[in-house]
Every structure is written in C-alpha cells, then in structure tokens.
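Both complexes shown next keep subunit A, but they swap its partner, so subunit B is in the first and subunit C is in the second.
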Partner chain A sequence: MKRRDFLKGCMICGAASSLGISKKAWGSGSFEGYPEGMGVLVDLTRCIGCRSCEAACNKEQQLPEPKVPFDDQSVFEEKRRPSEEAYTVVNRYEQKGGPVYRKIQCNHCNEPACLTSCFVNAYTKTKEGAVIYNSKVCVGCRNCMIACPFNVPGYSYSSATNPVVKKCILCYDTRLKYGKPPACVEICPQEVLTFGYRKDLIKIGHERIRETPDKYVDHIYGEKEVGGTGWLYLSSVPFDKVGFDNTLGNEPIISNVKEFLGTVPMVLTIWPALFTGFHLLSTRKKGHGDDHGHDAHSKSEQEDAKK
Partner chain B sequence: MKAYKANGVEIVDSLYKDGGKKKWNLMEKLLLGLTPRQYIAQALRNPFNWILAVIFAIGIPIILGRFFFGLGWVTHSSNDYPWGMFLGFGLFAMVPLSSSGFQLGTTCEVFGRHDFEPIERLGLLNGLLGYLFAVIYLMVDLGQPWRLPYPMVVSFGPAAVLFLVAWHVATYLSVQVAEVSVAFFEWIGFPMGKRGVRKITLGLTVAGIILSTLHQGALGALFTYAPGKVHPLWYSASFQWLHFFVSSLPGGLCMVIAVSTIARKTMAWRCGQEFNDNLDKLTIALAKGASMGLATYLTIKLIGMAHDNKWEYLATGWGQWYMFEIFFGVILPLGLFAYAIRNKMVGLVRLSAFLTVFGVVLNRVNTAMITFNWKLAEREIPHWREAIISVTIFAIYITVYRFILYRLPILYSWKTADETVEATEGARVPKKVILDEEPVPVGTYRTREERIIPAAGFSSLEKN
Partner chain C sequence: MYAMKNWLIGGILMLALSAVPPVCQGMNMPDSITLDSLVQLYDKVKFDHAKHINLIKDCAVCHHHTTGTLVEDPNCVRCHKNSSETKIVACKGCHSAQPFSAETLREKRQGTKLYHQDKPGLKGAYHLNCMGCHTKMGGPTGCLDCHKRNKAGDALYNSGKSAPKKAQGNAAGHGH
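After this line comes the complex of A and B, so read on.
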C-alpha cells in the first residue's frame, strides 16, 4: 500500500513540476525581436524586375558567376528559390494589372525556425536582426532546411569535403555590422527596399497603406507571420497570388514543438520511478531464482541479485 | 549448415569442443567450428550470398563515391527536399522497427516475465542493429559526418529536438551494446564482464525505456518544425510525437516476429531447442502486445484527426493514400491479429506482423518523403544512386545481422550446463543452466547433442 502511495505521489509531483517547468522554460515564446533589430521593407508595387539586387548580392557575397547573366529576363519563366549560388532571387507573377515581381531571400525571422531546430547552435540572431550561420560547427543534418517555413536555406551539395548551408545573412559580416544597409538595398534603383529599424518599418508600411488604401492589400506580410520577420512586404495583390504562404499563422515555428519539449522533463522524472516501481511490484511475490530459471541469463541475474 | 550438422560436424555452441576437452579458439569460433574449406563451401552454396555479392559489388563503390564526390553525386541535391531516402527510410523507418530492444528488455527484466527470455536476446539485438544502421544511414546522409560528435562536445543546441535525438540515440546505443554484450561475453568466454553487466541490467533497461520513449517521440516531433510542409493528414502538433512513439511499439514487436520467422526458416540449425519450443507461443504473445499497440495507435490517429478537424482531407487524393496506409498498415493487421490470435494461427500472425512492419515503414516514408512538401508542385523522386546506396546499406545490415545470429548465443543458449542437473531433470523442457563457466563433463555433452538434432529437424527448411 505504502509503495503504491509513494508511486502515486511521485507521479503527481512529477507531473505538476514538469508542467510548471515547461510553461516557464518555454515562456519566452513571445519574443518579438531585439529592440534594435533592423529590417527591410519591400514594396512589391515598385519592383520592375531589373534583378540588380541579385547582381549586387552575388558580388557582395562572392558567389559564383551565374549561368544566365543578370540582365537576362528569361529566368522569370520559371519560379526560382534561393540556393547555394544565389542568396536572393526575384520571381515574376503575371497578374491582371501587369507583372508583379517578388524578391525572395532569408526573411530573418524574430524567432527563426532554423535557429531553434539546429542541434549544434550554428545559427545566431544578432542584435542587429540578422540571422547568421556558423559553418564551422555545422554537421550538415539539414534540419534547418526542413524547418524553414519560407524554404530559404540552400545547401552546397556539390562540395564533398566541406558542404555548408548557404543563405542570406543580411550582409552581416561586411556591412550590417558597420551600420551599413545590405548590398541589395543599396543598389535598388526603384527604392523598392527600405532599410531601417524593424519597428519603424512597420510604421512606414502602415502609413503607406493608410495613405493609398486602394494601392495596397491591407496587410504587411512578415509583421506577424511566424512570430514576425525582419523582412516585411507590401503588395498590391493578395499575397498568396505572388508566392507567399498565407497559411503559416502567427506563431513562431518553435511553438509547435513545445508540446513535445514539455513532455521531456515529465518523462525523465516519472519513468524511472514508475518502471522501477513496476519492477518491485511485479517481482515482489515471486521470490528470486525459484521457479522460473529458463536459461542462463535469467538464472545468472537472479544469482547476482541474491549476492 | 544443416548437412554438416547432420553429418556430425560439431558447431560452436559452448566454450569447449570435443565434449569439453579443448577450448575453441577464436578462429574456430568465427568459422562456427567448421574447417575453412567447409565454411567457404557452405557460403558459396547459399544463393542468397550471391545476391548479396551482386548488391555489394554495385553498391559499395557508390557508397565510396558519395564520400569522394559529395552528396550532389548521389542525390538530386534538392534544397526543397533536404531529406531523402537515407533519412526517410533509413533513419525514420529503422528506428521504430528497433523499439523491440527496450520492449522485450522491459518485459523480461522489469516486469519479470521470464517466459519471454528465449526471444529477449533477439529483441535486444534487433534493437541494437536497427539503431546502429539508422546511424550508418545518417552518416551517409550528413553533409559532414565526421562532425557527428559535435552536438556532444563542440557546440550545443539544447533547445533543438534533434539535440535530444542525438544524445538519446548515442546513449541508447551504448545501453544496447551493454545489453547485448552479455551474449558476446558468453561467446568470447569472459564471465566477469557478463556478471558485471547483469548487475546493472535493471538500470540499463529503465534507461532504455526513458531514452526510447523520448527519442521515438522526438523523431516525430522533428516534423513539428515543418507544420506547413508535412501533409495535414500526417501531421498533428499535439499528437505527432505520440503517433511516432505508439506506432513504434507494434513496429518493434512485429519486426521481432518477422526476424524470428526468417531466422527459423533460413537458419534452423542455429535455433536452440528453447527457441524452437517457445517460438509459436511467444509469437502469439508478442502479437497480443502488438495488437494493443496498433489499437492505441489507430485510436490516437483518429483523435488526432478529430482534434484538428481534418476529415475533409480524406476526400482528396492524399486522403486515399492515407486511407490505404491506415487500412493495410493498421486496420487489416489488427483484424488479422485478432482472428489469428483467437484461433492460434501462428502463420497468419506472422503474415500480419509483416504487414504491420510494412505499415510502419510506409507511415515514416510518407511523412518524411512522399507527402512532404505537399504544397509544392513537383515531387522528388530519389536519384538511382540514392536508392542503390539505401539497398546496399540494408544488405549490409542483413549480413551483419546474420553474422551475429550465426555466432553469438542469441537464438540458442550457450552451453555451460552442468550435465548432472540435465540428467536428473531430463524431462524438464526449460533446461536448468548453471552459472559457472566450467568445462562440461563429456557424458552430459552427448545428451545435449542428441537433444539438439531433433530440434533442428523441427524446422521446415533445409536450405543449406
């Protein structure tokens, strides 16, 4: 009877404590980015598809020469995604009012899925807002590519000895660290891209929507999506028409995982007590080594237990 | 092997040959007590070895090529489908099929059900090898496999599910090595080691339960990182880890049934009497456990659906594929198990065990590959080299599995028996075995041999 009570107690305490832990430990889920976090506001209505941002990125990040030159518009015939050769790509979407161009690169989430899924902590969200990557520790599991809701990270599969993840780092090493805007922003001839504090950019975005409500969809993509992203988008057409995923929700990706992470302390706490308890309960009456010596190992265990 | 045995060739099953006079040396043990010529002859006679040889001849150069030319050479280097067959099949399907280790360990050591012991070691070995080869698949898939220890020593990402998986699989592999080492110590003749491990068995087993619960679940939880990419029918934020954990239970048990079925067909000479005598009964007992697991799994699958209200997806093409998986992988085996257990039809139990294994593999492959990125237009079909590598690693798995089953006392009991006990209790089926690893008197040996031969004849196939 006593033992049962003890076990019960264990279970209740364990459950209670682990629930408490899980709530507190993961309570940081509402992290909304560093106050000093920078970002870029993209106004799709202004983009003309000149691809100079792609060229600037290529030069700044010392990426390989592209197969198709940057002034060639034929690349728009298919939908591209960022890869090891191009950290940013522009895609064209034919709409009623003419083509709409959309620039894709890492969105630099406030709570990046890549960062939270990485088991060697290769990713860092800097206080400037960039999500950077440490290729020195990357094992190459590519979980970040699975986790990224925007399908951004590319992998240098072609390398046999040192394959790494390749993605936009907001020009952190060469520019952002020194307070300069990323190369793509600087070169954009149409002022599609506005660089600034993320919180200011949100204000600017809403201001533009308020001033010309007919021009824009009343939504800043990235303000809330998956916990908010550093890159923010304004569009004249519904976002899902130009390749954005509207179904991602506003919760950071890590929120989905917390239900499981919350069970970890519970299992670690309860299981040992529970199963050693079962062992004591189920072997108590049998005594040791009398009626069930089936083969060498059971026997020897019982012999050991006796000693 | 059968023929050799019938002709009176002594097969290694204890430390001593010739009825306890001399010790087998290591080479003789490795060759199972055959002469090298006999050994090679039996290996060449087996047609399965020729199939393996062909697979290795093609596959091993490609595996080596992967390390020289990179992943881009063997996969489609897809950024949208970063995980291909190596993980989708190799890791995600092998691990649930290896849950047998902790389940049989728990049954025997924690719950004290020593009647499961004739099959316990097979369960443990199945677990160990499944995990080992899941890690080998992983090594092939990782971009920089030489950095695999990084999450342990260099850089920690403790908030990541994969961090937990890495630690748990590594720890659990060592736990399983310890558990299986008992058989190895018997074989090599190191009773101290065996006794040492036996002393911590309970601890190891409980550790196994904890680690298994968490990392089986964690493999499911890995997909909760991709809520928009896994098809909703295979995804459930609240239930994902439970789906993976619970389905691994019947998966592991049915894998043991499947392996024991194959082992008895193809290596009857190696199956001990205890194994043979108890296998049918234990198969049904395992199937009972698997049915419970399947029933629970089906229930939480449905609850998961209802929880997120996903019924409408059933009407799509994906839904039909989902229903195919659930029907052939869960409902059908569940029904067959119920019927077969009730009527004690062991053959049917085995068939549905194979079905269950198929169902679990299909579920993992579906989640990780087939329905992954369901919103994207193009589906990824694995590169042919990727498929060949997967098959080759699986063939290596079978080879290693067989190598160990041939040698270590997994399917048979290592003979350390004191003959006098045997003689007095000759009628008793579960034989009394004595701890001390002492030379066995000759007379007792003879009785042993006589007992084994009919046992071998019990099996159906005479392949070798």
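After this line comes the complex of A and C, so read on.
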C-alpha cells in the first residue's frame, strides 16, 4: 500500500464518519421525559390576574415579604420576571379582547438546559418531573441563567458572601414528593392551573382545543418546545403576543452541544492512534533508505531554526 | 344499621332539598346557601340563591343538564340529549374539593372510559361559573366583592392588617 493511498483512505473514512452519523447519534438520544412525570396545564383564558399563586408561592417557599401586597394590581404596569424574591410572577398583556394574564415560573423542561450547563451538577430532574437544585454545591457561576431559554433562574444578588441561583422547584421538597400539587395550583381560584401527569395533560389540552376551537390557538406551548416542558400552556391569542418565545424550536438546548461534545471522545481516542500510526509509518520509511534525502531535509530544518 | 340507613336517606334528602330551586321544581328551595370551602382564608360566603333565581330564571344556566331545561351545548348534546334530571344538583355532588390529590389522579388514570376527564374541582367550578357569568353580565368580579378575608387571608396576601410596612415607607418616599 502506498503512503498516498493510505492517507487518501484516512481522509475518506474520516469524512464519511463525520457526515454519515446523524447529529443525535453522537449524544444520548432525545429524552421524552419520565413516564410518571407530573406537569401543570395553564389555561390563559381562565386567568383573572388575582396573583393568588404569587402569594401562595411566597408563603410555601418562605420567601421575603413583598414590597406591595399580593392583591395590589399596580405591579402589572411593568413586565416582571422571576427573581430570588419571587419564584413566580404574573404579567398582564393588553389584547383586543381584554387583558390576558400570563404566569411565569420554571417550566421544568424534560431536558433542562440549566442542568446541562451546570458544571458542579447542582441540578436534578426528578422522576416526578421537577427540576430541583442543590444550593449547597452551587458556586454561583450563573451559567444556568444564561442557558435557560425562558430566563427563569433568579440570583441572590442580595447575598454578599454566598450568592446562589434561586428558582421554582415545583414545591418538590414540601408537596410534590408527597403526591401533593404545588401551592400555586392549589390556591388558584379559577383552576387556570391543572395539575396531573404530563402525558394526561397533553390529552386534556388537545381535548379543550377540539371542543372549543374558537376559544384557543391550536397549539399547546411546551408540548414540543425545547424537547417538551412540564408546564404546558393554552392561549386564546398567539403565544408571542403574551410574552412567549416562539423561536425556540423543538430541539432540546443540549442538542446544540451534543455534536461538539460527541467529538471529544473521538479526539481523545482516535486521534492518538491515528497520529501514532502516521508517526510509525513515517519513521518506518526512514529505515528503508532514502537517508540522504532525509538528512538533507533535517539539515535545512536546522538551518530554518537557526534563523 | 337502621340508624345509618336513616342517616343516609336524611343526608341525600338534605342534599336534594338544599339544591333544587323552587322556581324549577315547585319545591321548597333554600333562598340562601352558605359556601364554606375557603374558610381558612375567607369568611363564609352567603350566596343569595333567591336573587339569582329571580335574575336568571333558568336553573340550567348554572346547573348543567341536571335541572331546568335540557342541555343545548352541541358538545353535551352528543350524549346528554335525553338525560333526565338527577337527584344531586349541588356543585359539590360531582366537583371534588381535592381535584389534584394523588388518589384522584390515579383514579382518573385507571378510569380510561370516563369521558369527563377534565372536570374542574369544586373551587374551579364555582369560580369559572360565577366569574364567567359576572364578567358577561357586569356583576361584581373583585375577590373581596364576594369574599371577606380573615386574618389568615390577610397574612397570605400580605394585605389589610398584614400589609408590608416597607411599602408605606416607599410610597411616602416616592414623592421626594
């Protein structure tokens, strides 16, 4: 076998392997969520903006006293986002048919980007569907805040010595673990929030759309977005009109890095063998003659180095 | 045994009596119904049944097909075209106070033949019914229009007597 043929073969094999294997095959494949995972179906058409969910969350999670009472509607004058002091907030959007209220909290993704981005492994996706985190190991790097496609994690900026990330944990510690619905769900007077098995909620959502097609946009936000989320949304107005990001796509955020991460083992295992092979081939050639040419070459190299 | 039977019959009768409006049935009806499922946060609500009957006349506006005129909603007509009136007409007869408990969810999952999988809980049924109509008819829609909050309620909402003190300071400070 000629050296040129060998190199050609290597090139072709390399190209074929990088093209032939699909993106997903590099990683662990897509994860559809735990079969017994719980979720919450949010029906925006029912919400009246009473902020009871905010109040219940505040007490359940023992968060600091709010700046204004929870029945004060003046907070709707600006668009808020979850923070260390409030794991859930409701925003108001003025629409043609009247105001539409939208509750924001962690969506508890099937494949959480926060979990992927965390290098100390603080995050866990529990079998009940909650995305929880261990604040004891959190180093406060805020990678998860950047990774989250929904801008959810808050940060305890108020703590000078040990700032950590803070977010909704679906009341895992106090309620979900014991088979109880989250505090926000339980307090909601209008049953905007329906708690149940995520798989059942998707069926219920589609059934509501089918029964009253004039009432809803024919889409459940979160059914497929970024690989599916535990919180699912029904709306009477297009989702981008009420603060939802319609541009996220259906691929989990981890897919953006799976391909790259998949090449890491290849670099670590195949490359050493490959280049050792090259080295051995080239040194074997040395032994077989043409010493003169090699010497001349190395001489010129030495001269180059001197320069 | 007898005592239990009597108790049961009495209970059913009471339920039936407490919920069937006279305008619809020609029976004696409660003019006022006390709703007490939210007593932890609010005082009991005295629902003026008589006033609503006089205002709306048709029981079926609030009570599904179970009493008054037969159902007209095409979705319901598919099955309930000929459904007769039922004995239980009170909301809590069908709408569970704990719609999301582990047991309820498990039962729902097992009863796959049950059509009404998406039945709201008691609180949801009340509010969706009342608020939906009040919004349409221009009735009162504020929480405190119907509910008088108690001490625990004030504490939950950080309102009334439990209003944040900082807020008052801030409000005063804004002027400067």
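Everything that follows uses one rule, which is that the second predicted complex is superposed on the first by the 240 of 307 C-alpha atoms of A that agree within 3 Å, B and C clash if a C-alpha of one lies under 4 Å from a C-alpha of the other, contacts with A are read in each partner's own complex, and residues count from 1 in each chain.
The working rule: a residue touches a chain if its C-beta (ideal position, glycine included) is under 8 Å from a C-beta of that chain, and two chains touch if they have at least 3 such contacts.
Model, not experiment: these values are computed from the prediction.
In the overlay built on the shared chain, the residue A:P69 is in contact with subunit C alone; subunit B does not reach it. Once the two complexes are overlaid on the shared chain, A:R46 sits against subunit C while remaining clear of subunit B. Once the two complexes are laid over each other on the shared chain, residue contacts for A:R142 go to subunit B alone; subunit C is not touched.
Contacts of A:G179 after superposition on the shared chain: subunit C is touched, whereas subunit B is not.
In the overlay built on the shared chain, the residue A:K203 is in contact with subunit C alone; subunit B does not reach it.
With both structures placed on the common chain, the touch criterion links A:D240 to neither subunit B nor subunit C.
Applying the stated contact rule after C-alpha superposition, one finds that A:V164 touches subunit B and leaves subunit C untouched. Subunit A has no residue lying at the interface with subunit B in one structure and with subunit C in the other. The touching residues of subunit C, when paired with subunit A in their complex, are 75, 99-102, 105, 108-109, 117-118, 120-121, 123-125, 127-128, 131, 141, 143-144, 156-160, 163-164, 166-167, 170.
Those residues of subunit A lying in contact with subunit B across their complex are 81-83, 113, 116-122, 134, 137-143, 145-147, 149, 151, 153-155, 157-164, 245, 247-249, 253-254, 256-257, 259-261, 263-264, 267-268, 271-272, 275-276, 278-279, 282-283, 286, 292-301, 303-304.
Those residues of subunit B whose C-beta lies close enough to touch subunit A in the complex are 67-73, 75, 77, 79-80, 82-83, 106, 108-112, 114-115, 117-118, 120-121, 142-145, 147-148, 150-151, 154-157, 159-166, 182, 186, 194-195, 198-199, 201-202, 205-206, 209-210, 213-214, 217-218, 220-229, 237-238, 240-241, 274, 375, 409, 413-414, 416, 430-435. Contact residues of subunit A toward subunit C in the complex are 46, 48, 50, 52, 55-56, 58-59, 65-72, 179-181, 185-186, 188-191, 194-197, 200, 203-204, 207-208, 211.
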